[in-house]
Structures are given as C-alpha cells and as structure tokens.
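Shared chain: chain A. Partners: chain B in the first complex, chain C in the second.
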Partner chain A sequence: MSVSEIVFQAGNATNGSGAANATNASAAGGGQTFPEILSGLLGLGPNPDPGLQFLFAVVGATLIAVLFLTIAAVGGIWGKRKITAAFTDRIAVNRVGPFGLLIIVADAVRLLSKEVIIPDSVDRPAFDIAPMVLPFSALLGFAVIPLGSGLQLADPETGFVFVFAASSLASLGLLMSGYSSNNKYSFLGGLRALAQNLAYEIPLVVTGASVVLFTGTLKLSEVVAVQSQPLLTLGGLTIPSWFAFVNPFAFVLFLIANLAEVGRNPFDTPEAPGELVAGYMTEYSGAYFVLLYLGEFLHIFLGGAIIATLFLGGPAGPVLPGLVWMVIKILAVYLFTQWMRSAMPRVRIDQMIEIGWKGLLVMSFANLVLTAILVGVIA
Partner chain B sequence: MNEWIAVGALAFVAIAVPLSLLGVSFLLRPSVPEQGKTAVYESGEVPTGNTRIRFNIQYYMVALLFLVFDIETVLIFPWTVIYRDAVQSAGLAAALVPMLIFIGVLVVGLAWAWRNGAVQWIHSQNSNSTTRQ
Partner chain C sequence: MSLERPTDRTDTVGVTEEGLDYDALADLLGDRVVSREQHHHTEAFTIRPDEVQDVLFALRDQAGFDHCSNVTAQEYENRFETIYHLKKYADPTQELSVVVPTSKDNPVSESAEPVYRTADWHEREAYDLVGIQYEGHPDMRRILLPETWKGHPMGLDYNQEKPQIVTLEAHANPLEDDEHDAGADTMYLNIGPHHPATHGVLHIETVLDGEQVAHVEPDIGYLHRCEEQMAQQGTYRHEIMPYPDRWDYVSAGILNEWAYARTAEELTDLDVPDYAQVIRTMSAELCRIAAHMLAVGTFALDVYGEFTATFMYAFRDREVVENILEDLTGQRLMFNYLRLGGVAWDLPEPREAFFEKIRDFLDGLPHKLDEYHDLLTSNEIFQLRCANTGVLDAETAKQYGATGPVARASGVDYDIRRDDPYGYYPELDWDVVTAEEGDNYARVLCRLQEVEESARIIDQCVDLLEDWPEDDREIQSNVPRTLRPDDDAEIYRAVEGAKGELGIYIRSDGTDKPARFKIRSPAFSNLQTLPELAVGEYVPDLIASLASLDIVLGEVDR
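Let's turn to the complex of A and B:
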C-alpha cells in the first residue's frame, strides 16, 4: 500500500511540474501546494519569479480567508444560536429568511454600523491593535494546514511548529486587550486568559509531539499521508491509521487542552459572563468587538483544523472531496465546543490552573514517554 | 517555490481582512460624542481608582513556570523527529534514556514548584500542608 502510494505520488509530481526541475518539496511531500498548482496550470513551471509567487499565494490566501470568514459567519452568528437552542429546547432565530439564515446579513450590518466607543484613559495603540492580533494569528495558522483538494498554501518542513507558534500569538492580543482597557473586568479577564493559554499550551504541544513520534516529520502534508495507511480491516471495512485510533489517550488529552486554549466551557474563565461581564472584551464595542469575536471563532476553527490534521486524517474521507471532509471535521470539533458550552459548568480559576499544571501536564508527559516506549519497541 | 513567501501572503491577507472590516465600519458607523459613555464599565457605578496597580503574583509565577516548559518543548521536538531512525540505528536505550533523564529533571522541577505552591492558586488559612514563601 505505502510503496504503491509513494510511486503514485512520485509519478504525480513529475507529471504535474515537468521533468526539468521538479522541486524536492513536491516530490517528497503529500502533494503540491496551492501556489504551485496555480503556477502549473498557467504553464509557468514550478518556480516563477518571487512577485508572481506572492501573487499566486495571495489568491490562495484570499480563498482561505473567504472560506473561514464564511464558516465563522454561519457558525458564529447563526449556528451558535441554533446549536445552543437545540440543547436548551428552544427554537432560536427563525424569522428572517429560510431557517433564519438571513440573520447573518442583518447581524453583520448591525454590528459593523455600531459606534465605536473609546473609553477614558485607555492605552491607545495597544487598545486598537489588540482586536487585529486575534484574527491575524488565527488566520496565519491556516497557511500550513493541508485543507484538501490542493488548498494548502505552504508546506514548510516546520509546519507543525509554525501552526502552534502562529496560534499562540493570540496570547499577546489577549494581554494587550485586557491591560489597555483600563477596566477591572478586562484586566482580570486578560490575565486569566493569559494564565490559561500558558498553562494549557504545554500539554497541547507535548501531546502533539507524541504524534510526531509516529510520523518522524514536522511536515503537515506527510503527517496526513502517514495516516492514510490502513490500520486494520474489520469485516471488509478498512480503518485508516488515524492517530485518534492509534493513540486515543493523546486524542482526548489534545481535545481537552484545545478546549482550554480556545476558552470554551468548562474552561471559559477568561470571559465568564456573570462573573467578569465579558472578560477582556468588556470595553470593546462596534467593529472592534466584531474583530475580537471573529478572532475567537477563527481560533476554534484553527483548533479544529489542527485536531483534524493531527488526529483525524486531515482531509481524508470517502466519496466527498477533501476540502468538504476537512470542513466537516472542523465543524464537528466546533459542535463539540458548543456542546461542552451547553453541557458543562465552568471551573474556577484556581481549579483550572491546578487541572492544567497538576493534571494535564503530568498526563501529557506520561503520554509522551509511554508513546516513545511503544514506538521504540515496535520500530 | 519558496514556502515562506506564501506564508507572508497569508499574513498580508490576515492584516488586510481586519483593516477592511474596520474601514467598512468607519463608513457605516455614527459618531455621537458624549461625555457619559466614555467612562469605563464598572457595573453602572462611577469607576473607582485605576487599573494599573500592583497585582497578585500568582500570574507571574505561572508565566515563569511556562517559560521553563516552553523552552523544554522546543528541545523535545528535534528528538521526536529523529526518534524512530535513532531507535533503528542506535537501539532503544540509547535513543530513549537521555530524553527520559531530561524530562525527569523537569518533572523534579515541577514537583518542587508544586510543593512550593507556585501552581496553587488559593491558600486556605486552615490547611497546613504547604508553606508559601
């Protein structure tokens, strides 16, 4: 299986990009990146000049941004209400358009046409930059995720590290928004958000590292390719070796740490409505609030994309094209966060820190060591 | 094809998206300057005091602890990448034991921080289990 696949991929690479100078990246990896495909389609070869490369990449980046802004609009404005309503046995929005879907347009116009109120004695540059940092860091993470159907913007050797580095830039935005607002609720919320992000970043990354033990590479297209091999066959049904099946303990740890990282119940202490008003968002209004809200949802989707890539076989799936499967997996993780939001009580800040440092951290190291022994014995 | 040009392109778009949203909002939104609404929100009361104050050291302790473990994860990554090859060429013990010692040292550090109450948020007067410096 794996040998035929490699041969197939090698054949693909030489077909697509011409025999002359097929780059190592496209020959060795799981496929071509989006700018390469675009350049190949236009007959410019695998290596056009940097200006054109940037242009092609901007086209791909715009596609990704539009895709996830759409998902955020549907999931964040409409889906969130419908899901919460379903859990609490209500109907939610159903007046405007079919299933109330046009509420998305109405809400977007409403939110963008609100006045932006700048409170007294806020720390001005930080107060304005913070709402931009959050969506920026979430979108940047999508650069290296293989979204399927050829929609992968870049595939660097260090993709795995890059995606975590990009998503943890958000901590900076949280601290800036919390501190600059000059509001006690914001300040507490910002510090809590930061403490939480720091505490759960380590279990997240260490658990991710236990996946790398299996793959032996940080390149995300290869992480996905490794998972396409069959694990076992049950009654004619071939189960692929997704790491959620290979290492379910790591999968559960990663899901929990990711819940904390995106600040959803039971770990929504940074916002804690009813306790801290809206946490670090308290003083933001109008377009700034939209950006913070958007950044939060993009982070949930980025978390879902990371989980799908590392544990759920990335864009792999039967019948439907890869991109659709990727979106389904991302939305499944989103549904999970919303389910937790409806079903779980919030933990206290001290409990949260203790769960992070005394529970998840220790378990993630145990997982790493056990996985290392397991891989070492099998290899 | 340079990978980082593509990443830079996404960074460019990721800055352009919030800026364009702010631009659209700038065209749409009203501006009604009025004194009362610029007060910071404190549940409707008149705000008291400033927020830039000395604050609980707990958050600083957590950040300090994070720094140690964050650098550690950076050092673990190269090991995870070469681990399978290393086991095949040098054997299980040679590939695994040094990393176990490395993680062991950090676990001792965590145990020390744990004992000193760095990751314990509240300290009850009634409990006499830990000593807080």
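Let's turn to the complex of A and C:
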C-alpha cells in the first residue's frame, strides 16, 4: 500500500462510502456509538425513545468519566511520582501498599480533607466555577473519541471540531481562575495561560486539519477507520497507515503544540513553579485544588487521546482489546510529557509566544498546504 | 586562566616592585591624611569624615584601588569609626584601610556610595547595626533589622535585655506607597519572602511592566542571627570556629572556617603545619564542589521547573562529597573541623579506604560533569534562556564588589587562592576559570568548570597525603591554651569561599575575645548586583539571574 491508496481511501470517504470503511474497522466499534450498542444488547433496537437514549448516554458518560478519573488518580498521583523518580534517579513512594499504590488512597483522603480556603475579595462565582470548568471541559472532549471496544458516546459528523472546541474551553477556566483569585501570581499565570493557548491552539488545529485532508471527513470514527488500512508490508509485518507514519512531520508538530496546549515543559510557563509560585493554582486549596489538578491530568489524557485518534490509529492494535490499546497510547503520550518535564528547561514566555506564532504556526500552515497539494495531485 | 598573576600594572601611584609604597599614597592624599597607623598586612590612613569621597576618588582613580572589599563600622568609648578596606582586583595583596572616625554626639560621615556602589548596602548595614549616619547616601535606612527597630544593636549603649516587640500592625504595609498609581501601567509584585525561587527567605520588591521588570529592590535581613555579635562573645581558641559553618550553610562550611582560621592565625601569629594545610586544602575544595553542585542544581530547578533531573543528579553527586566529608569530619554540614593552627584530627583510618573513596569520586566526576553538560549547557533551550540574559559587565561587577564565580564569569580575573595565596594552593597545579560574557550562562559554566579545577586540586592533595611520611603527620601546631592577641590589633583577611571573597575583620582589645568581629560576606555584595542584572529583563530571567548569583541567605544576612 502506498500514500496514493490512502488518498484513494480518502477520496472514497468524501464520496460518501466512508461508512463502508468504518464498518471494516473492527476496532472502531463497528460504527455504532455506545448508547446504540447498549440499546441493541437490551433488544430495544437502534432507536429507542429519547428518555432511554438519554439514560444510556448517561451510563456511557459515567463509565468513561470513571475510567479516566481512575487513570488520572493512578497516573497523576502514583504514576507521576514513579515516572519522575525513574527519570531523576530516585525510588519514590514504596511504603504504602504494594509498590506504594495505596498512596493514591492516602493522598485522596489527605487532599479532600484539607480546608478549602477562600481568600479575601476573590471574585466569588468565577473562583468557584473555574475548578469545575477545567476537568469538565476535558471530560467533554472524550464524548466523541472512539475509545475502542465500542466505547464511543457519540459520533457526530463534526467530531473533530467538537473535540478541539471542548478542550479549548479549558483556557476559559484558566483565565477565570487566574483573574478571580485576587493574586498577582495567579493573574500573571492566567494571562500567560491564555496567551499560550491562543498561540498554540491554531497550529494544533491546523496541523490536525492536515489529517482531515487525508481522510476527507471530520467524523472521528472514520478518521480511525482510514488508518486501519495497511501502509506497507515488511517481511510479513504489516504497518498500518497511521498518520504518524504517513506524515511524521505533522505528528511531531502536533506533539509539540500539544505540549504547549496542556502546559508541560518546555511550555509550562502558566504554572511556572519557581517563577509564579503555582500560577493560576496559587490560591486554590482542598477540593478546588484537586479539581484543578485532576483537570490538568485529564487534559493531558485528552491530548493523548486526540493524538492517538488522529495519528496513532486510535484503538487499533494486535491481540489486546481496543480500549486497552487506547489507554496504552494515551499513557504513552503522558509518559512523553513527564519525560519532557524531567529533562527540558522551560522557555521564557516571550520566547514561547514567538515559537508559537512565528515557528509552529508557519510550519503548520506549510504542512497543511503541502498536504493539500499532495492529496490534490495524487487524487 | 593561569596561576600567573596578570602583569598589567600601569603607572598607578604607590605601586613599586617591592609592594605598596604607603608613603607615596600618603603624598597623593596630602594633608587629607590626618594620621597613619599600622594594621596587620596593611596601613590605615585616618581621614576626616567630610573628605571621604575626595580621598576615595583619589585612591580609586589614581592609585588603582578599584575594590572596596568591605566596610566595617564600630563604636569606641570616645568615637565611632568606619573603615573602608580597599584592595585591587588586579592584586589583592595591595591593601589599604581608610579609617573615618566620627564624633559620638554627631556620628555623621560622608558616604562612599558615589565612589564604590557596593558601599550602599555596607553603609546601610553600618547605620543599622552601629548607628553611623552617612551623608549623601541615596537610601539611608535599615537593611538587616526591621524598619521599626529601636536602637543600634552593636552600639555600646544598646540595651540587649530590652525586648523589641514589633507587632504585625506596626510593620509598614509594603503596598502603601505602591508605585502603582491609577495612570501607571506597572504592577508591584512581592517576590518572597515565601517564594520557591528565593533560595531562603529573601524578599524582592519588584515593579513589573507587563512581564518585564521595571524595578527590583532586594530586601534582606529575614535570616539575621547576629553572627557577628555571637562571635564577639566567643573565645578565639575554640568558641568561634563553629559559627562560620552557619554562614554559607549549604556545605561550604570548611571554606568558611578557613576564613576565620586564616584571620585569627595571622592575628595571633600561629603557624600551620604543611600536612594540615594539605588536609585543609583538600577538604575545602570538597566543600567547594558540594557548594557548586548545589548552585548548579538549584539553578536548574529555577530554569527547568520542579521535576528536573539535573537537580536530583546534582544532589546525588553532592551526596558522595558529603559522605567523604562525613568520614573526615564526622559531620555533613556543620563540620567544625578546622582548628587554629591546624585541623581537629587526622584522616580517618584505614587511610587507604578513605583515599580509595575520594579517588572513586574523582574518577567518576568527568563522566558526571558530561551529564551536566548534556542536560544543561549544551541544551539549546537552556542556551536560549541563559545566554545574554542577566548580563553583568566587568566594570559594574567591580563597582559592586562582586567576587567569586559571579565576578569571574564577567571577566574579572580575581581569585584569592591565587592572588593572595594561602593554604597549599601555591604548590599545586590548577587554573582560575574565567569567562567574558557575564551572563547567566557564563556563571553556570564557570561553576561547572570550577568543579573540575577543584577535582584537580583534590587529586593532587590525595597524592601528597598518600606519600606523606608517617612520622611527619603533624595536624596542629603548638597553640597556647588561651589566645590573647595584642591590644588594639586590627586585621582584615579573606579567603576564596564558595561564593567569592569571604573576609573577616577582627579588632582585639587584649582579652581572649574579639572586640569587633566583622564578616565580609561575598553573597551580600553579589546580591547587590541583582538590579543591574534583572531590570529590563523578563520575570523568568529575574528568577534565573537570582539563581545564578548563588546567594545563601545565611551568609547574606549573617
């Protein structure tokens, strides 16, 4: 298989036979969303009454939220320490439970039992809403991601747009928390976060759009389906046409822009411990802090999920079920962010804006135009 | 970059082949010199308090005294006295003390700030602790003690017993005269005293214009522990030596102890056996490695973020040094290992195992330093962040009395180990590391290279110690049980501490305790350069510049 055939696939998709491709892809859950599968299993047909549909959707949403909150708890509390420790020659938690795993329980209890301190003259509704906006915007994004094993809540025609729109809502949360905290460090952090997200969201979406040029659809299940085609066969080993292989340049661009989007080194300027104390999080404590902290990890996972969906074939993978592969890919991206965090210096805010507007933006448009020409010429 | 002293000696007044010609200097100043007296190692010219600037300008511009090393203030029964300890960066053995007595009822002296910028903080400290006023000083207020403090604690009539209760309400609100008025676009920001990047309890009053720094004012004194007063209450022989460990407390202890040892030994005319000098040299350089590792590690912390590998690597390697020092001294930070006339005890037995441990460390060090260069100095983002930020040029560095790696990274080739030799340094083969750029990057690079040089010194010391004949291992010379230096003897001596020139001034009064004990802290002078480094830069560079100065608040505040 070659690029031309993928493009041919893409052409198919635009011609309306994309659905056929989607059904070919077993990993994508057969093109059915989770509520549809659920109602099918219960013998209610694909279109039960709206009340039941809503109920199934809530069940699915709960499942996904619980799944990712669990991963955030394990990855954020325990995994983060272990990974960072491995990178920095330490041992990390090993006393509470096997491999120190019970530290998750201990930490959860500790964090939640702390007092929520509301400083004087904070901007009350905004200060309270911001910690909710952050994690919920990330969870919202998961609604349209095909997580494999049939776990996809909805599969709208505009899934691609929706997922970026949802994840961008986080900027609002960051700005709200920074602006309402009545603290200059938070204020600076919030402004930095906004400036950074503005500078990196555009390259992120534009780079993502180059994938859409290949697939010809914004529907994420079809983006995944297109990637399940083999790219080339090397001595019995079939390499699928994941867009990370088809267009590595876009993949790297996206990975870098995503680092900035989730605020990890070398782009962790909004938090910038050492400069801004904790940036927009400075004034938060107790449960509010937990929400912000969780939200940060959920965003990294959402970033990982988007990368997996657009570039790494979504839930596709041998032997293991799709959902497991999806989680593995998400955690791989998470591992990458932690690695950067241990090894990379933080760029200065002005340098970062410069890299975003003058570097990544230009390159992402160049990538888009080149991809468009390539697709246009070959198709 | 060599052991040879720079030979650039222009036609400055008083410089002769045999050393400094004080008569020529006195001729230069004419009748402005009221009297001359002899201190250890130098002469002191007494001048009138209203001619300070005239005299110092003449000495700086015509006699080449470009380094105001220290300013000591003290109170006698009948007068106040300010002593400016002048040196030359090109040759610190050429010293001159300028004594400015002022009367008791009107302790006002002309400020030296227009001549030497470094006098700014030194004179504020003198005002704060002793109570001398400096006319023409740009900012005459307390520096170490709170603004609301009553009295001057090192004055003779100060009541030590009277409690000083300063309630929170009585403190001035730092926001009260905020430079932020309705029309201005600037923002006042308190960095510290509780802030992750201040390396202790330092408060930096900052005015920001957007993300850029418009004004910086370090506010120190949060860790002031009256180290000078405490030393004045201890006897020379044993009771003062533990204090220096607590100045630069991040494992530079033996370097600090040596500052006291050198001063007190020369004051009381004690010899130190060669064997002890070698041990001192070796252990001091181990301390320097530990201190520089910490400096580089915390710098990485401030530039990278809190989860950086470099920080942990630095601590891992520092730990090895700490273990060696623990074997030697029994302590990991507060060594108290040096004694007047030598060291406390010989190397630990079995000696071979001890040498083996040091050699293992030295053998592994080049590889570890490569790791730092991989992670830090050759990282492009790191270069982007650190090169050309926080630039300190050589002239400004000299004006502020900057010393140590901070000065050397700005191209000031000044290292007391070479220029005013002590210990066993002159016998060993090593280089002084300098750089020209004077930016944050150069300061980090200098420290990393100084670690290499220290390793070279230690290596040679271990060689020497291994072959030292067993019956010649004299660790202490014969020291009288009670040391009583001559009445009214004055001395100012310095060593190369981890952060730069660590000097001590002692005036004896014939008893077994010093009458005045003044510490010249390198970090105190280096920190003064912060506004020069940071104004106009971005907030992250302010933090990086502060980290690159490598201050330890225990030494700044004393």
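Just so it is clear, the second predicted complex is superposed on the first by the 349 of 379 C-alpha atoms of A that agree within 3 Å, B and C clash if a C-alpha of one lies under 4 Å from a C-alpha of the other, contacts with A are read in each partner's own complex, and residues count from 1 in each chain.
Everything that follows uses one rule, which is that a residue touches a chain if its C-beta (ideal position, glycine included) is under 8 Å from a C-beta of that chain, and two chains touch if they have at least 3 such contacts.
Quick caveat, the model's predicted, so the values are computed rather than measured.
Look at A:R341: by the touch rule set out above, it reaches chain C but stays clear of chain B.
After overlaying the two complexes on the shared chain, residue contacts for A:A106 are found with neither chain B nor chain C. Among chain B and chain C, the chain that touches a larger number of residues in chain A is B. Of the two partner chains placed by superposition, chain B and chain C are both touched by A:V277. In the superposition on chain A, no contact is made by A:I328 with either chain B or chain C. Looking at the shared chain after the overlay, A:N265 reaches chain C, while chain B stays out of its contact range. In the superposed model, A:T88 makes contact with chain C only, not with chain B. In the superposition on chain A, contact is made by A:V206 with chain B only, not with chain C. By the touch criterion defined above, A:D350 lies against chain B and chain C together after alignment on the C-alpha atoms of chain A.
Shared-chain residue A:P50: touches chain B; no touch with chain C.
Comparing which residues of chain A touch chain B with which touch chain C, the overlap comprises 184-185, 277, 349-350.
Across the complex, chain A meets chain C through its residues 84, 87-90, 184-185, 188, 265-266, 268-269, 272-277, 338, 341-351. Those residues of chain B that touch chain A in the shared complex are 1-15, 17-19, 21-22, 24-26, 28-32, 37-43, 50-52, 55, 58-59, 62-63, 65-66, 69-70, 73, 76-77, 80-85, 87-88, 92, 95-96, 99-100, 103, 107, 110, 114, 119-122. Of all residues in chain A, only 23, 25-26, 33-36, 39, 46-47, 50, 53-54, 57-58, 60-62, 64-65, 69, 109, 112-121, 131-132, 135-136, 139-140, 142-144, 153-156, 161-162, 179, 181-187, 191, 194-195, 198-199, 201-202, 205-206, 209-210, 212-213, 216-218, 277, 282-283, 286-287, 290-291, 294, 349-350, 353-354, 357-358, 361-362, 365, 368-369, 372-373, 375-377, 379 touch chain B in the complex they form. Looking at the complex, you find that chain C touches chain A at residues 187, 189, 195-197, 211, 300-309, 311-313, 316, 375, 379, 381-382, 384-385, 538-541, 543.
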